[in-house]
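By letter and in written order, the chains are A, B, C and D; residue numbering begins at 1 in each of them.
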Amino acid sequence: MIVVMKPGASEHEIRHTAERVESLGLKAHIIQGTERTVIAAIGEKRAEHKLSLESSPGVAEVVPILAPYKVASREVKKEPTVVTAGSLVVGNGQIGVIAGPCSVESEEQILISAQAVKAAGATALRGGAFKPRTSPYSFQGLKEQGLKLLAAAREATGLAIVTEVVATEDVDLVAKYSDVLQIGARNMQNYRLLEAAGKSGVPVLLKRGPSATMEELLLAAEYILDAGNPNVMLCERGIRTFETHTRFTLPLASVPYLRAKTHLPIVVDPSHGTGHTYLVPDMAAASVAAGADGLILEVHPDPENALSDGYQSLSFPQFAATMDRCRKVAQALDKKLGG
Amino acid sequence: MIVVMKPGASEHEIRHTAERVESLGLKAHIIQGTERTVIAAIGEKRAEHKLSLESSPGVAEVVPILAPYKVASREVKKEPTVVTAGSLVVGNGQIGVIAGPCSVESEEQILISAQAVKAAGATALRGGAFKPRTSPYSFQGLKEQGLKLLAAAREATGLAIVTEVVATEDVDLVAKYSDVLQIGARNMQNYRLLEAAGKSGVPVLLKRGPSATMEELLLAAEYILDAGNPNVMLCERGIRTFETHTRFTLPLASVPYLRAKTHLPIVVDPSHGTGHTYLVPDMAAASVAAGADGLILEVHPDPENALSDGYQSLSFPQFAATMDRCRKVAQALDKKLGG
Amino acid sequence: MIVVMKPGASEHEIRHTAERVESLGLKAHIIQGTERTVIAAIGEKRAEHKLSLESSPGVAEVVPILAPYKVASREVKKEPTVVTAGSLVVGNGQIGVIAGPCSVESEEQILISAQAVKAAGATALRGGAFKPRTSPYSFQGLKEQGLKLLAAAREATGLAIVTEVVATEDVDLVAKYSDVLQIGARNMQNYRLLEAAGKSGVPVLLKRGPSATMEELLLAAEYILDAGNPNVMLCERGIRTFETHTRFTLPLASVPYLRAKTHLPIVVDPSHGTGHTYLVPDMAAASVAAGADGLILEVHPDPENALSDGYQSLSFPQFAATMDRCRKVAQALDKKLGG
Amino acid sequence: MIVVMKPGASEHEIRHTAERVESLGLKAHIIQGTERTVIAAIGEKRAEHKLSLESSPGVAEVVPILAPYKVASREVKKEPTVVTAGSLVVGNGQIGVIAGPCSVESEEQILISAQAVKAAGATALRGGAFKPRTSPYSFQGLKEQGLKLLAAAREATGLAIVTEVVATEDVDLVAKYSDVLQIGARNMQNYRLLEAAGKSGVPVLLKRGPSATMEELLLAAEYILDAGNPNVMLCERGIRTFETHTRFTLPLASVPYLRAKTHLPIVVDPSHGTGHTYLVPDMAAASVAAGADGLILEVHPDPENALSDGYQSLSFPQFAATMDRCRKVAQALDKKLGG
């Protein structure tokens, strides 16, 4: 951690700040520049003291050197983590494909979806039973009934189930039916939920919040890892920017960036990341080329009549074509996509 | 709702879309433009069908005309809502001031804070007992012990208590000690928590998420209102933008915008909205001039040694000076600030 | 164009607005909704009148239906434009690769760069002679001397030259030496420069400004097209968002979006789009998979000692490896990359 | 400047980087942390070498300590700069008010505007003669004829003239008629234009680009100052964010931030900063409360029929009411607003 003093900081302020650094258990190393004095604080473990030092008189700013996350860091664990959950394998050259409707709507809908996505090469089935909706007046999901239908679809097809959990009190219930707990973007910083998902021991797909930094995403993962659950997949699903021609902006450079910083596998969601069906196939292929370990895609038997997210869902033929395209890109890069 | 067809949309696609509009219970009104056809869908209540229509063949986009929120809307209730919670009155020319430390740290700390902010004119005491923290390794709050200290401070000073609740299962506990439930920015779209806060009947301070649109904020309020709780204060606390010289960007135009759209009172948080103590006084005054119904400010007896947020907290003398400045602006605009 | 009236708009206001619409040469079509009245304005050519209508009493908002650009639109010209400039071909399944140093620094530097990028498959040479720099104290380029060195490199290798022009008064000079005029991101809305580039008749590479919408980019292109120059390549080079782990956020969904809206070819710049050498190869491959018609990449013989942009430049071996990777992706998608 | 080495950086890489630091004329001070090595580079003048060091092997990142701007910095000149241009005084407790139409449209329009804004207390007249427009099909201004009308309005009212210059070749012409050269947001990084404005010696109003950082704004000012012109006013006019309920987001914390960093006066433009007439009065008052040294406001005799920007212009009565409101706030804070 580097503490930068203000231009006119007094001797007294510099000494005082150095003492505060030492009182935090760090070694203070004072460097007199030509125009400013900086104090290097050596021995820090994490940036947690960063901010309190900023309140000291004479201090201009504090620059952290070490990342605040630890267990998620590649510095701590060099070899990449491969997450396996039933039929789903994500990582190490194996690109998992999680596909299915936004919401579970009926037995028939989820069953034919499961069969269709499996036939096209998906390795897991997605489908929402508990739906967090922006408006209280929108369809909120079939809840436990939806979970049961997902489990039935697994039985019929062998596909692992990925479904969202939105509340601490539902974790056990969802974990009973699902192979992977999805934490949605709105809940990325719902720390109680992260802890509960961590304690469940079930693999977790953690979605990036639309205004979360990479550091905040990794710290959210850290809550799960710290609770004893090593099976975390990070999911880039787009961020909020000034762009309006897409619902979110999908920043694929997250993939190689996260690859460099963490051992956790990285999944991309081009459906939410673009918000428009016609943009999904190209962005799915681009995700694979950027190095993604997995894809999560919304697929619906009849997007026009979907109860949610129809505007960004692929039909079965569109999904099959997208898989072909992605598979070719994966093969060109010596990776294996889907089943 | 206006459905815009693609340039080359066929007769069949236009008819099909019009039929879908009618099947949603709306009246379809087809308008042939010189280059495009649009279909006006009349009778809509809310924009919930907007997105599913976008999946129809030949449709380019769907433009909602009515706002998706209802109960929060000024169209439904013209007269402004005034929220009263013990000593705190927010709205109708009375600018409430909620002040105190980020976290409750000790009995002495919270007591002297309560006395100091009251002496300077605050009308409620803030202080965190349950702290949502970005890192699992940061101080997480004193929990119920913190709530008890807040209640003791209320007893000593008469100030209403405003404190955050982070989980559904804590709502009853927090409601037992606090006069206002604060829903933090990270939980703005934690719908279960919003519903629980709604059912509690206790006044709620709802903070805007850092990437939430005005519409999403009002829909989050709608969850609380819809659960039967009319006492909702909206809180602007800054958004995430490309700016890095402030921790968040505080967009004060939210205040007059919300004034035009909703009857709910609007509170501004210049502490989180700037993230630096030295920017808070001017932005507090600017918030008042922009028409805010309330301010929430972080104040600490010793910011340098605060367990959290010291870098954006005012000391007691800084708070008193800020109150003076804000009071003058309020008076110039014929409003009353604080107690 | 759809004019949305306020909830309580009076008969008089509605009639007045309809008359204003008619006075603009459009046909006004009044639709009475259950809660609001909207007026469809038929016959519009472009959205230019949109904003003035918003000032009329009783008007809530005006929603444009037609895009404001015309000549750039795919509605006007369906077949994709292929831009050819000497050895550079961009479009129609041929992915052009423009590579070279940020700045021309010396004869030797630009010559060995030209030879190296050509050997690895580049089809044009980039290099800045006039450098717009954020700080007045940074290296500003070799100016005409730099242009001469570029021309010499073309003579030696046969590679087309792409170089930036920053001022109207330099257009003739730069056009004398260069095959393509590059308009930089900072100048995307320097309309005089766009007009001058349009009149020059030389192919133009137009970079998106870091906060430009797609519509603004296409309208900037429209300035060039409108001046009689059909050879415009659009270049996505990243936008400014809250992300700080990359210098800009590279939103690759621009590629399929622009493909749907315009016939102009689309080039991607992963060097500026990420700002870090280690992220460039994956994002170059992702750009190809997203459907880009061209790539522009910073390559330097010795990035560590580059006078500008070394931190995002590829070395020669890194560039060759990136080309291999991109070529494989291109071939998998039945396209041809580079020479 | 602090150079942060990667976790596993070798002895050789550390030594090599230290040598590079020394070769830049700086003193290298190596600090061995418990997990990382950092090198403090002492004696730097500006951050210009920052980026080239990032290319060295083993370097993780480079953190600049000193601001890259110099002449604009408060460290160099402590006392605030007051800019005076005819009737306009900006700074030192005197809040200048620049008001008038977006575009000069006719002799009558500009004359009655000048009289009306003067009567309400404005101290300068704004009006565009050269209009940079997003679309080539929009009204582009009356050009020299517009300048002449502005000069006539000055003669009639005594108000100083503020008008935009969009091209280097127009600087002399505009300077002949105008008291202040306005550099628009789109041209904030048009360095040739900045240099020409600098050489003209005429006071400059420099608008912040919608995605410019504070540092980029100050570096743009530095181009003008460096060319020998000390009379620069900085203008905050809103930034591009994800918000759509306002045309731009007006981040008023820029005002106290810039106050702390620079001696140059700060003007705020609530018309462009919000983009809607009904938001302007409150945000003008908020700007004054935030500490602005000046306001620039769009005022039109008949906003509904304005040739540009009518949707964000105040009518004469609205402007007079806004002035009243702002004057009260200014007086409450012991400042003087307008004439």
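In this text, contacts are C-beta pairs under 8 Å (C-beta built on N, C-alpha and C of every residue); 3 or more make two chains touch, one makes a residue touch a chain.
Nothing here was measured: the structure is a model prediction, and the numbers come from that model.
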Chain whose average C-alpha position is farthest from chain A's own: D
Where are there more C-beta contacts: B-C or C-D? C-D
Rounded Å distance between chain A and chain C, as computed from the means of their C-alpha atoms: 31
Interchain centroid distance [CA atoms averaged], chain B/chain C, Å: 38
How many angstrom lie between the CA centroids of chain C and chain D, rounded to a whole number? 26
In chain B, residues with contacts to at least two other chains: 211, 239-242, 244
Okay, in this complex, where on chain B does chain C touch? 2, 4, 7, 29, 31-36, 38, 40, 42-44, 63, 65-66, 75, 240-242, 244
Contact set on chain A toward chain C in their complex: 211, 213-214, 239, 241-246, 249-253, 255-257, 260, 273-274, 278-279, 282-283, 285-291, 325, 328-329, 331-333
What residues on chain C touch chain D, complex-wise? 20, 46, 48, 51-52, 54-57, 68-70, 132-138, 166-169, 186-187, 189-192, 209-211, 216, 219, 222-223, 226, 239-240, 277, 303-311, 313
